[in-house]
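Accompanying notes for the structure given below.
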Amino acid sequence: APAAAPDATAPQLRLGYFANLTHAPAIVGVEDGAFQKALGSTALQTSVFNAGPAATEALLSGAVDATFIGPGPTTNAYVQSKAITVIAGTAANGAALVVKPGITTPAQLKGRRLSTPQLANTQDIALRYWLKQQGLATTPTGAGDVSIAPQSNGDTVNAFKQGQIDGAWVPEPYASQLVAAGGKVLVDEKTLWPGGRFVTTDLAVSTKYLEQYPGTVTDLLEGLIAAEGEVNGDPAAAQRTVNGAIGKITGTPLPEDLLKTAWSNVEFTVDPIAGSLKEGAEHAKDVGLLTGDVDLAGLYDLEPLNALLKQAGKPEVSAS
Amino acid sequence: MTALPRLGADGATRPLRLLAAMRRRVLPPLLAVVLALAVWQLLVVLEVRPAYVLPAPATVFAQLGVLIGDPAFLAAVGRTLLRGLSGFAIALVIGTALGLAVARSRFVRSAIGSLLTGLQTMPSIAWFPLAILLFQQTEGAILFVVVLGAAPSIANGLIGGVDEVPPPLMRTARSLGGRGFSLVLRVILPAALPAYLAGLKQGWAFAWRSLLAGELLVIIANAASLGQMLSFYRELSNAPSLYATMIVILVIGMVVDQVFARVTNGVRERRGLSALRN
Amino acid sequence: MTALPRLGADGATRPLRLLAAMRRRVLPPLLAVVLALAVWQLLVVLEVRPAYVLPAPATVFAQLGVLIGDPAFLAAVGRTLLRGLSGFAIALVIGTALGLAVARSRFVRSAIGSLLTGLQTMPSIAWFPLAILLFQQTEGAILFVVVLGAAPSIANGLIGGVDEVPPPLMRTARSLGGRGFSLVLRVILPAALPAYLAGLKQGWAFAWRSLLAGELLVIIANAASLGQMLSFYRELSNAPSLYATMIVILVIGMVVDQVFARVTNGVRERRGLSALRN
Amino acid sequence: MSVLTTVSPVRIAGVGRTFGGATGTIALEHVDLTVEQGEFVCLLGASGCGKSTLLAMVAGLDEPTTGTIDLGGRRTAVMFQDANLFPWLTVGGNIELALRFSGVSKADWKRRTAELLDVVRLPGAERRRPHELSGGMRQRVALARSLAQDAEVLLMDEPFAALDAITRDALHGEIERIAGERGLTVLFVTHNVREAVRLGDRVIVMKPSPGRIVREERVPLPRPRRMEDPEVARRAGLLHDELDVQAGGAR
Amino acid sequence: MSVLTTVSPVRIAGVGRTFGGATGTIALEHVDLTVEQGEFVCLLGASGCGKSTLLAMVAGLDEPTTGTIDLGGRRTAVMFQDANLFPWLTVGGNIELALRFSGVSKADWKRRTAELLDVVRLPGAERRRPHELSGGMRQRVALARSLAQDAEVLLMDEPFAALDAITRDALHGEIERIAGERGLTVLFVTHNVREAVRLGDRVIVMKPSPGRIVREERVPLPRPRRMEDPEVARRAGLLHDELDVQAGGAR
């Protein structure tokens, strides 16, 4: 494709995100105007998604130009289309295997019933891979040494409280909710990763948009860096903003102490921790939830981000 | 003799009649509600399930009060209703046109007759990718899903109705010189009306369900909707709000049913179909 | 004179009739399919949307071939069909009983008549928490959602049918001494049959949609299902498989429609309702 | 009338029927009529004078607005003005349904159905469908169906209106025979004055707006009678003139 | 018949109609009938001999299995054996629908409807609903509806079967008058032999199994005639005997 001028800007940017804790920088950036400020004359138009598939569908079919999204859907979308590019990270960590108090070793999980948010999503893959490493077999259809029953996070919390499941591998704030319901953290996912970090949310743009309007993308990144700064600089204020937005969108804000606990388990960073996404894809292949040739070579383009980081005198991030 | 007061069904005096009407129309649903609440409360008292999954009626109704007092909730209900009505209106036009085409033309019937039911059995979730593909992030995507859910029902109702028009009436209409559009408008549609209305009612149910599912597709910030709230309450394990929202949906459904029942009863009465009941 | 060969509709010779039947029954749907494929291919050729969201028909049909050749996929389809049929069977019994109760008793009608439609408009997602609450993660939870979707439709169809039974026929039946269950079985149900069948068709559509949504609810050991695959493919942004699965669902829906159409046509023919068409 | 023996099977006293509330149509006003056991009573009267309404009330299918109708719990069979065959059943099925509802044992259905179809001159029509029949054939099936019932009081609303003269004459004989054999009490509505005289022990003349009984006429002629009998014709002529006078008065 | 002037309005040639394929019921076999302009032809025949079937084919609502029916594009109006009123319309609405389909301008509907209801002796019944009418009233509304049509050929299937003698006599006069005024060609099915002689320029006698024409009889009596005229009665008696002989032969 003929490269556009490095500062070419678009008349508008359509941006998607979720009303989730792990999308806090996106929410803050939208609510406090960090994105719009950075974008200048480019009109910002936002869409809120409920789950990964809708966000992917929107990005691939050109209904949004960029979206905050989890690593699982990112990988799927890239494998299918090769038409998206991850330009930054947003959040890391914040997922754990929480189990009934009696269970203290992996071996005790044999014959138990665990939940994940959705078949083949990030946590589902993490759980299956981890179990495999512990010598416990699983199948996508729920059979094996450990039975995995994917269900919606809300149902998981209820099922755990009623003792219908023995544990669940879930993201925040549900992990904290399970702990509050008497669960014990058996595995904090970050301990499994090199450096103790793994990506939870990243920012993906349509490759076409990136090629056409590199200037706007840079503006967007600038806004993201500013929003991350706000989130990390004044967590209390950020929590208020995020909870306000969640309350407005979902009808119920999260309980404040729960939000606080969950928040402390998540790290907000622009580092996409590319290694963890790529290894996650390998894990998915390993447990049979991803098939075929998984080539993620062209997924990242971190040059614009690194340029901005360099300008700001911050450490650069790596695409491997 | 005609001036004498008459006894019997037609002759009861006004206040008596009102009381009788009360007994017939208000008492039974009231009893049903009371019974349902009693069973519910009993389950709660017996602690069959913990309160966070099965809250007490009082809790739910308190929450219902809070929700109804919340302008944001009312706005959400209003938004969803508006979407439902506009989607239904579009489905009405498309479904009626399709239904007439299938009912009246053998060719169209064998071409797409079964397709209608096929489309109808397709779950909303399957349409989502296509809806976003076609309509991007607009209300259009939601309406698309709603229309695809409702139009086949409406069409099928109309087709059924037209197929059941008694042949003697059709012969009579044709012998009177009825042709083309005039025949359709003056004879076929009125004759098919009861089944058509039944189709509309089913269509509304499909539209409404598709809508509540479709509202999860694109969440428009600052524009909460009923479908969205429903799934969020579920996600957040907010049982009182979830049940309160279900009650709202139930009541809306029942009100709509009453509207349909009124129309249908009017139609039946005018045709002398309600003459002999029990 | 009766021995002479006759012309006209009844008199065509066998091979000719076969050809005519082909022309009437095979050609139109074929044309419809070809047209749909042509439009689709055109959109692909024009590259209206990239291939990874709107794959070419050839890609999708190739994938369809792969899926159909995969025993696991066939097993999933079989499992879903089985669930659909059993859920529908339960809904049939419950819906029919409810429908009769409402149609025959004024009290029951005003107590729960509107509730049926209210329940029908409740989206499956609202039932999920309750289903899990009552049935845990078992087939029961899926069937619960399916039955709640389909039974009101079946009941409403039956109610509509009973309400439309011509009063003269009811009077005749009663004057013949028809009472109670015998009257219901021998007169009311047959008279209401066409509307009842229409209700069953709608009920199937509701059951099937609820099922495909409900299958995401409960993942049962070693039991892949169509609903699960549908969302799985969507999850993986696997457009060819998604569209191929949609085609499978569409075809199943159309086959079911054909079954209903056969039954309905048989009923209509026996009653002389098909005498005058076009 | 008869005061000595058993109570009369049909006692209609002060019956009125108004449709559609106090301001509606007065179909019948103060009708008194007693029919004796085994009596054949014919009702004559202008179109819309309330004959069908009266029959429906005697059959218990409608309630009088005023007055009482007492049959002492006797079973009725009705043949309506319209055939009202059940379209989902064959001709045989329609008759068998009446037999079933009357508690006739299943073993006898075939035979009884065949017999009844013979009576109405439709032998072998069991397997035909209502929509394949001519108007007169449908009416005869309805007649067979009403005769299939095990009733003591037979109510017939213009049963022979759609029949040609020859078939009708034959059925006159049949109905007379069956009523005699079974000891039926018959209330028979017709527009044909000669038919009324041909069949009735008594002819009741009604008048419309509001519907009421204006005349009763015993027919003491010996049976069997024929429509062509000069005495039948003479009495019919008198009744016809009577009706004519009334009509002139009413219009 | 007439060869000089215009072509006859109804020409039925070699018409047969079989229901239900080659092995089905033969309703009509080889029927030939020509009706002249302005002629009033009555069809008589046993129940099930194919009268209604023939009328439906003349009206273009059914197709003969063999033979041809040619009306030279003339418009027909049909009054069916059953009233077939549209239940969702009032009495007035039913008649107005016929006026609408006949292209009568809306301004005239009210007046024409009132006139027609007067003709059938139901003045002021516009706003009543079909299910509120008695059988004879429904039939009269159907008659008014068929007269509302702007037709050249009038086909009537037992239009007066459900009417009392007085009303029927009045309507005989009306139908005769209207047919004369409009120059209508009428094909009139009846079971009443006297009625046929009273109304017809020609009476056609049919015979069943299979349905066919067995006799034609001109009625050269001067008009107006009355049912009670001795000459009408005499001719009717002859025809009745003729039918009787046939019936004896057929059964």
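Details
Letters A, B, C, D and E mark the chains in the order given here, with residues in each chain numbered from 1 onward.
Definition applied: a contact is a pair of C-beta atoms (placed from the backbone, for glycine too) under 8 Å apart; a residue touches a chain by one contact, two chains touch by 3 or more.
Here the structure is a predicted model, which is why all the values come from computation and not from measurement.
Chain centre most remote from that of subunit E: A (centre = mean of CA atoms). The largest tally of C-beta contacts between two chains is found for B-C. With respect to subunit D, maximal separation of chain centres occurs for A (centres as means of Cα atoms).
Put simply, the C-alpha centre of subunit B and that of subunit D have 47 angstrom between them. Each chain gets one centre point, the mean of its Cα atoms, and the points for subunit A and subunit E are 83 Å apart. Residues of subunit D in contact with two or more other chains: 20, 61, 82, 131-132. Listed for subunit B are residues 49, 53, 128-129, 133, 167, 171, 231, 234, 239, 272, 275-276, each touching two or more other chains. Touching of two or more other chains is recorded for residues 53, 57, 61-62, 152, 154-155, 158 of subunit A. Those residues of subunit A that touch subunit C in the complex are listed here as 52-53, 56-57, 60-62, 73, 76-77, 79-83, 118-121, 139-143, 147-152, 154-155, 158-159, 164, 290.
The touching residues of subunit B, counted against subunit A in their complex, run 49-50, 52-53, 72-73, 76, 128-129, 132-133, 136-137, 216-222, 224, 228-229, 231-239, 241. On subunit C, the positions that touch subunit B within their shared complex are 24-25, 28-29, 31-32, 49, 53-54, 104, 106-126, 128-129, 133, 152-153, 156-157, 160, 163-164, 166-167, 170-171, 194-195, 198-199, 201-202, 204-206, 208-209, 212-213, 227, 230-231, 234, 239, 242, 245-246, 249-254, 256-258, 260-261, 264, 268, 272-273, 275-278.
The touching residues of subunit D, when paired with subunit E in their complex, are 19-20, 25, 44-48, 51-53, 81-82, 121, 132-137, 140, 157-158, 161-168, 191-193, 228, 237, 240, 243-244, 247, 251. Residues of subunit C that touch subunit D in their complex: 168-169, 171-179, 182, 186-187, 190-191, 193, 267, 270-272, 275.
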